Each structure stands twice: as C-alpha cells, then as structure tokens.
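Shared between the two complexes below is subunit A, which pairs with subunit B and subunit C, respectively.
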Partner chain A sequence: MGDNYTLEVNNLFKHYTQRIKGNNRFSTVKKTVKAVDGISFKLEAGEVMGVIGESGCGKSTLAKLLTKLEYPTQGEILFNGESSDEMIKKDRLRYKRTIQMVFQNPFDTFDPRNSIEKIIVETLKMHNIGKTHSDRVSTAINAMEKIGLSPAGDYLHRFPHELSGGQLQRISILRTMLLKPKFLIADEPVSMLDVSVRADIIKMLQDLVRNSDTALIFISHDINTTRYISDKIVVMYLGRIVESGTTDYVLHNPVHPYTKTLISNCASINMDEKTDVIKIEGEPPTPIDNGPGCYFAPRCYMKKDICFKEYPEQKVIEENHFASCHFINSN
Partner chain B sequence: MNKSGDFFTKMKRMLSMINQVRQLKIGIILLTIIILLALFAPLIATHDPFSLNDDMVNPPSKNYLLGTDGLGRDIFSGILYGARTSIVIGVVAASISGIVGTLIGGISGFYGGKIDSVVSEIINVFLMMPTFFLILIIVALFGSSMFNVMVVIGITTWTGNARLMRAQALSLKQRTFVKSLENIGESKIKTLIKHIIPNGIFPIIANTTMNISEAILTESGLSFLGLGDPNVMSWGQMVYNGKSYLTNGWWISTFSGAAIVLTVLAFYLIGDGMNNILSPKLNDNK
Partner chain C sequence: MALLSIKNENVIYKVKNKNIHAVNNVSFDIEPQDSLGIVGESGSGKSTLALSMLRLLPKKIAEVSGEVIFEDRNLLTISEDELRDIRWKEISVVFQKSMNSLSPIHKIGSQMSDIYMLHNKTASKAEVKNKMTELLELVNLPPRVYTMYQHELSGGMMQRVSIALSLMHNPKLIIMDEATTALDVITQGQILNEIKELEKRLSIARIMITHDMSVVANTCKKIAVMYAGYLVEFGYVDDVISNPNHPYTRGLLKSFPTLKGERGVLRGISGSLPDLSVQHDGCIFESRCPERSESCHKEKPGTVILENGRMVMCHSAGRR
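After this line comes the complex of A and B, so read on.
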C-alpha cells in the first residue's frame, strides 16, 4: 500500500503511418507521423508533473500510451518495475485502477444516453466496488456531496447534456477518484471550460493529489496554471522532451531556446523582469520528416550549422534540470 | 423522483416532432388504421375469408362489400385477414434484417482490422447479387412456408443495415465517451452492445421501417408468382388469384393491390419521416 509507487517511462515511441497523395494521381506516399519520438521520465507517488508544448507536439498521444488506449511502437512503461504490458494482460481492470485519465472535453466524456447515476454506479459495479446497488448509489451520493454537487439527489437522475461543463468535469474526476488510481493524467482538463470554474477544477485535482497521494500528470498549454500546480515540468517539442526539471528551475532559469520562447510569450510569468518577447517563426510544424538535426532548429533564433546536422544530447544543467541544446554549457 | 414528469415532457416533445414532419404524421395515422383493422379482423369481417360462397366473381355489393373471387371467397374479409399476414411478414423479416445487420455492421465498424475487411467484402458481394432471384431460388428449394419466407427475406437484406451501422460505429468510436469507457475499463463487447449500438441505432430503425414495406412487397411478389404460403391468407395471393379474372372481375386484384400499396406507403412514409428528423438539413429549404 503505502510504498513508494513509481512510474517509469523508457524511450517511448509512437509512430503513425499516414497515406498522403503523391505527385501523380495514382500514387500514395506513406509518411510516418512521429507523434511521440523517444520519451523517458520518472514519476513518483504524490508528484505532479506538468507537460507543456504547442499543439501537435504529442501530449495527448503520450496520455493515450500511458493509459493503454494506444500501444507504443517501441519502448516500455513500468510501474514499480513491472511491465505495463504484463500488468494489463494479467488483470485489465487492475491496470485501469492503477492509471486513470480525465479528458479534455467534459461534454463528450459520458454516454449521452446514460444518467449520472448510471454512469457512476456502472463504473463501481465493473470494478466490484460496493456490494449492492443501493451501496453504490450511496457511495456516489457521498462522493458528489463532497465535491460540491449537492444535494446529490438533484444531479443523479440528470443526463450529461443537462449539466454544465464544470459539473461534468467534476464528475469525470470524481469517477476516476472512486477507483483510487495511483496515477492520474489530466489532458487539458480546463481548456474547454469557462474561466470562472477553472480554478475549482484545478483545486479539486490538487486536493486529490494531496489527500490520496496520487501522482498527477497535468497536460496543458497554459504555463501559468501548470506552474501553479506542478512540482516538475516537461517541455515537449515534436514528440521529444527538450527540457525538463523542477518547475522553478525550468521556468525561472530556462536554457532551451524553445522553453525561453514559450515563457517570453506568456505575459504574466515574468512580471518583474522585463524581457523582450521572443518572436517564434512559422507555424507549429507537424512531426513528419523532422531531423536529422535538432527538431526546433528551423524556427530557432540561435540556430547554427551544427543544429541541422545532429540532434543535441541531453545535458544536465543543475540537479533535476535537463535540456537538449547544442549551446548549453553543461556542468 | 420526477421521473414521471420526465416521461410526459418526452412524450410531448415526440408528439410535436411527429406533428412537424408531415410524412410521419400521415404514415402513422394510416398505419394505426391498418393495424386496428387487422387486430379487429374477426369483428369487422363479414365472412370467413376461406369459406367458398355460392356467388363466384360477384361484383361489390351489399352482401360482399368488395366482391368475391373466382372461388366465391369474400374479398373484404380476405383483405382484413391478409393484413395480419403482410404486417407480420414485413415486421419479422425486417427485424431479422435489422438485428443481423446491426450486429454484423457494429462488430465490423467497431473492431475494425481484418474482421472489417472481410465483412466489407461480404457486404459488397451481397450488394451485387440480385436479391429477389436469390430469394426465389431459396424459396423454391426449401419450400414456401411463411417462416421460410420471413427468414429468407431477413437474411438477404441485412447488408443495408450493416452498412449503416458500420458507418455509425466508425464515427462513434472516435468520440471521447467511447475512449473514456475504455479508459474506465469497460470491455469492448459491452461497449459495443451497451453504448455504440444504442447511440447509433436510429438510422437503422428508420431504415427498418422502410424495409418492412420492401418485405411486404417481396412477399407479395413471391405470392404473385405462386410461391406464397398456401396456408395463410395473403394479399399477394389474392392479386395472383384475380389475375385470370382481370377482364370480368377487376375488383379482385384491384382492392387487394390497393391494400398492398396503402400499407407499403404507410411504412414508407414513417421511415422517410424518421429519416427527415435524422437529417433535417435535407428538409430545411422548404
């Protein structure tokens, strides 16, 4: 039980093959989309890891790989050293109880034809939680009251379209909570919600982490929210981690030009220091045909010849702070 | 709780929807009348439909409302009892087609991969086959009992439903709620049966209603060719019987033919109305 539960991701790849129309009318060219392109990290019980990066950099794909909604092309995911492939083969439901996910779109997270009661009770039944139907209903009521959906009786018989986005997202988090997962992935959990309820949802996630020692992977575009909630941060670019480390180190002392760009474009983070906004060139590219050099090189303001020749190795900046760039003087 | 209130608001919404779509309204009224007539056939009928009366090829009169056929059987009573046969055959055959099509199409679209390629090929093969002749051969080989006819129509027409359900499954499985069910631990087969099919069934229901009219027509066609079940009264057979009296007994084929047309029309209108509700865009530019 109370042992130090760890998640370890080793060199994870997910490549999709896409058919694209070729030059002449009848030829199709197969292209490989490198959605996740070699990711490794470690996460321990109770930790919150923020994942930031532009649209299309593979954040959702990473989430799907971890929850086994998709299977990796290569690489492994280990829980306490145990292979996730073995775990899910042995006991699918136990695996689901180990790692859970909250989706970006709360309006489409539930079957529109099921009532809230049915949604929660069926989940409990599936995982053999509670003995009788009324047992499970009262579990649902208690949990709903606790997160501020009270009186719960009012909500139980409603259908998803009769609730607000904030309420739905709370129910989505509540449902995962009832399974007591060791790890929770929240994929942009507030991006589709009204600004006024975002803080509540973030607070709910935070309480969950504090009270049950669940580790959280918080995926977001929003650096401010991520900074607020997470202990460490991973910055992704085109399927790779370009910089990672303790939140304060990464955000106050960013070394990778991409991280610097992201932060400089984010208004309120550096209120005190007046830095110029670094303009980033071009649109976020799709992860097709990148390399052989640094993936960020075409848009980088520091690019030199070497950037187009080889991918920079990961370097240690300080304790718990890593980055991959040719122009870092590692210690 | 307020479940009964919920029920009433739902009924109200349904009624207003039915009122808005004209085809649906007419179709439902027509079908209600037909079903009532079929249900109360023993009370309404003026004669035993099988009894051979003395007046043969009698034109419509007070005694024989719609006349009699070549053997002296009362047409009006025959049509009332024939309605039962037609509706039962239509509904059962279309239901078999609907259930088989939904399951196969659902599995094919939801599971994808090799199963899907195989099923798609089978569907293509079925689409290229001349269905009516296939039915004809099977009925000729295995006999023309009502049961055979229903099953044969059912299993030769499932492909349309399978295609519809496959498309539904393909689009539904991309939805977040299906991923969320997988994430929470629901098994694939349960997701298909409890979530994909109920959410994608509406076009199949609309199509099945249309299929009922097609099944009724197919049965009539078989009967007209002399391949109907001789133990039941059916409209197709009445048309068939009247064929040789067309010159001196027009009412035999005409009234039974009209019954077929009206019933087919009723189901067709309902099916078309449902399709209109489903894709109101096609109907907007009125």
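After this line comes the complex of A and C, so read on.
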C-alpha cells in the first residue's frame, strides 16, 4: 500500500424492486426504485469528500454500498484497482479494515449491554490487533485520552446510556479509527448532536483524518458544516451526481439550479447578507420511472422543453468542476 | 400590553431525593404578534420552560413556581377546566416528532376533525370537512392528504399537518418546540417561510424553541439565550447576534459554521452542563467560561438591563 491509495467508483447502480397494486384486484406490477443511478467518482488518500443533497436522494444508500451493507445492482467499486467483491471474498476482515463507517445516531450504534471497554476491545480482538487483553485495553485508554475523554479509566466501565451523545459519537469515531481504515464514511455524524458539541466532533474528525492520511466521505444535508470539513463536494439528486468539484468553487459559483437552490435555502446567522431564496416546490419524488429527461426538471425553476426530453450530459466548467445541466456553456 | 408575561418562573424536578433546578428565575414578556426564539444546548431548560407554561409537566415530579400571565390570567393557578379552554384555542404547541403524535390507524382527515369536534361540539360534518380542507390549504398541502394515512406522508408533510392542527382554532400564541429540526434544508426553508407568512396573515405570536441559531436569526424578532435553566441573554435578534454580550452567546455563535468567509477553525464550547441538582454559589457558566474572573466564582451575577430591552446575566455585561 503506497501513498496513492485510491477508491474508484465506476457507474454504480442500486435498484430496488417494489410491488405496486395493479389495475386488477389481484395483480401486482413490479416497479424499480432507482436509489443510486449511475455514480462514478474517485477519491485519493487523505482527501475529504462531502456529499450533500436532500433526504431521499440516495446519499445513505451510497454509503451502504461502499461498506457492502448492500450489494450494487451494477457497477464496481475498486480499491487501488482491486475489485471490492474479490477483496471481500478473499478476506472479509481486511475489507472491513479498509473501509469503515460512522453512523448518525450514536445511541443506536452500540449494544446497550456492553461496557465501553468491551465495545472497543471486542473490535480490536476481532481484527487481531494487540496480543493480550491488557494490551488492547491500554491501546483503548491511550486513544481515548488523545481525543479528550480523560481520565479514560472512568469511562471504560460505563455503559452507553451513561454517556452523552457527543461522548458516544467520539467513541464511535475512535473505534473505527483504531482499525486504521483507509477510508472512513461518516453518515450525518453530527446531525443528532448539540451545536456546541458539533464543532468539537468535526474538529476531531478532521484531526484524525489528517494525522492518519485517511480519506473521508462526509455525508450531510448541512451545507455549512460540510464546507468546513471537505476538500471537494458532490451534490446528489435522485441517485445521480448533479454537480461536483472543489468545495469553494462549487459553493461560491454553483452552476446547477439544484445546487443554487440548496445554497440559497441555507440559513445564515449573518444578518447583513440577505440572499434571495430560490423557492422550489415539494420534495424529491420517489425515483420510480423518472423520465428520459433531467430528473430535476419537474421542480426546476429554469426548466424548458429540452429538459424533459433528454438527460443532460456532464459538462466541465472549470478544472475539477463538473455539472449536468442543459443550460451550462462548457468551456 | 404584553400578551404573555413570565415572572420569576422556577421549575424544580424532584427525583430520587434530588432536586433538579431546571428553570431558574426566568422572566420575560411577549407582545402580541411578537416572535421569540429560545436557544441553548440540550438540557438548558428550553422545553421545560415551554411545557411548564401550559402545565404539561407531570405534577408529581415537577414543581413550578412564579407567574405566567396570559391576558390577565395566571396560567399556573387557574383551574383545570379554564386551562383546557386556553390550550389549543389560544395557545397551541407543535412538537419536534410530529410523526409520533399522529395516529397510525386513523386517516389524517378524521384525526383532524376529531380534534376540531372536541372544541366545537355543534359543528356539522360538512362544515368540519370544509374547515379541514381550508387548513390543509393554508399550509400548502394538497387536499388528498385528507384521506391519507400518517405513514403515506413524508416528514415535511407530517410537520405541516401538525402546524395545520395547531392553527385550527386561530390561536394567539403558538409554541414550536424544535418543530423544524428534523427536516432537511429545503423543507425547513419552505416551512419557515410559510410560518412567517401565516403569522402576518393571522396575527399570531410565536415562541420558537431551537438549538439552531440560524433559524432564529432568520425568522424571529427577539431572542432568549438559556443556559442551565437561567436566561443569560435576552434582546432583539439584530442586537444580540451582531453584538453578543454574554460569553455563552458568543460561544454559541462561534460554533456555528458559515457559508461565506474564512474557513477558520470551528470552536465549540468546552466542557458540559453543570450538575443542576447542587446549588452553585457563583455564576452558572463559570466552569466553562473563557473570560471568568475571581468574582464569577464567588457571586451570582445579577441581570443587567441595557438599552432596547436587552437583558444580560453576566458580571462583565455593559462594561465594554
């Protein structure tokens, strides 16, 4: 494993089949829900990628596909050119050590009957890290002291319900980082937490990722927070990437109407700047039978006839800045 | 005259030989058609304050003292029957988890009509149905929602149903307890805009409980910052956000990431809430305050009243 450890995702699809009541009383019609619909991206070691979008746009399905909690319908995930399917067949644990995930709700992440000690040590034992029990405990204590849970001895014998959300989320992140993963996926890691704690968790994630050269995929619908942590950003809508690029490029010069809408709806505490909020109607529809045209067309404020006829191709706007919309003049 | 005025309210929870002081000496006024945002960390007593106003806390555990005057009536002392008339008709509440408060086995329409019939027993069926469709329209929901079940709606739609329910009897005051926290950016934006417009149209006063400063900054006129049961800062949103006077308010504002400007280091407030079951001699925020001094440890700061109705509870308030 060199420094250039990369994750490559090629044309990833995940379709779910759903049975819907048909015309006849007893007949059912099969419909396909396209949760992830052709996603490709590349991530290098040490990079932080933010994924934003409304709820129901396939962000979490993407995370599940990457960690192999769900299997893709089509497409491949390559780690350094090695297919993830091969990897998981050969050595399940090595795959799990390569890519780890932090979940949204820290209270649901842990077994309520296990003490913090057991939670951490069990994981280490499963992955054959450390030789003896006391070895593993000391690893856990060291790591906990480093992230500000001190004295760590106090926490070891507590149970998850005895800790606050912020502390639990720290332990959740710590547990994944002890395995030294090459990739970490954080699925809305701060949305359940208090404002005053959020900043600390973000900072901790940032430090850990920087120190160990881990690539991070940060999934969130909070654009402000995502901006602080990520180097590049991907905007998803109904299973497709509509715009991607370097964080500040995308957020300061958004070109896709969906990105513009998201950003304009983003609340700010700065009283001086009053931006015009772009209003769009409704919520993202369930991705069943989305037409031949642009998926965003029905809600778009710029829609024209062409939008309903064909899906726009991805265009290059600047270096490392892509978007799919008919009304972009590519350079 | 103030629509609602709270005077020296205290709430004490009595649990297992411990007395937890959840709300301490809080006083403020709300004018008609005002909008007030209450912000603070979880556990700072925001929800307790709101629930105690309507006597929704369990009587055996919670001890409420002080005065809550709503249109010349003290809500804490009037009889249960009188209070029942005020609840929902004049003061209504929207909670965070609206999906939990709707019944999964009744259609939205029949649930809503039930509540309406409870307060207007003589209403005819057609009249109720008309009223319900009107309400749904008010919050931008299609009329087909009337015959749908709770599980067929998305989070945003359910929250709208909750808001429609709370507006049913044209209340004078509406309390929104983290009503938009669970929604995503666009839906939150849509709902907040709708609320603002409804307020103008129906002239309602609103109390908004949230931990999201940006929601308050965009939708409220006044702000109350609470910490560990104390009201540490109160004033107009513009004043407080552009010039926060209490170190806790400053900390909260600093931990909020912004979209524009420098991507500096985000700073949280270190430490956590103090144990509320023990008496604190000094300032309640002292242990976490970056600007603490000798006097903070010894003496409780009084509430300093500054210009423009601004109140700050800090020793160093108004000195700079």
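Throughout what follows, the second predicted complex is superposed on the first by the 318 of 331 C-alpha atoms of A that agree within 3 Å, B and C clash if a C-alpha of one lies under 4 Å from a C-alpha of the other, contacts with A are read in each partner's own complex, and residues count from 1 in each chain.
In this text, a residue touches a chain if its C-beta (ideal position, glycine included) is under 8 Å from a C-beta of that chain, and two chains touch if they have at least 3 such contacts.
Because the structure is predicted, anything quoted here is derived from the model rather than measured.
Let me test your reading of the model: by the given contact rule, A:Leu251 touches which partner, first (subunit B), second (subunit C), both or neither?
Only subunit C is touched by A:Leu251; subunit B is not.
Just subunit B (first), just subunit C (second), both, or neither: which does A:Met101 touch?
The first partner, subunit B, only.
Thinking of the overlay built on chain A, is A:Val195 touched by subunit B (first), by subunit C (second), by both, or by neither?
second
Is A:His127 touching anything from subunit B or subunit C once the two structures are fitted on A? First, second, both or neither.
first
Who contacts more of subunit A, subunit B or subunit C?
On the superposition, C touches more of the residues of subunit A.
Per the definitions at the top, what is the overlap between the subunit A residues touching subunit B and those touching subunit C?
none
Taking the touch rule as given, give the residues of subunit A at its contact with subunit C in the complex, in rising order.
Contact set of subunit A toward subunit C: 54-56, 164, 166, 194-200, 202-203, 221-225, 227-228, 251-252, 261-263, 265-271, 273, 277, 279-280, 283.
Over in the complex, which subunit C residues touch subunit A? Could you list them?
41-42, 154-157, 184-190, 193, 211-215, 217-218, 237-238, 241-242, 251-260, 263, 265-270, 272
Enumerate the contact residues on subunit B facing subunit A in the complex.
Subunit B residues touching subunit A: 1-3, 6, 175-177, 179-186, 195, 198-199.
Once bound in the complex, which stretches of subunit A touch subunit B?
It comes out as residues 64, 67, 69, 92-93, 96-97, 100-101, 103-105, 108-113, 123, 126-127, 153, 157, 172, 175-176, 179.
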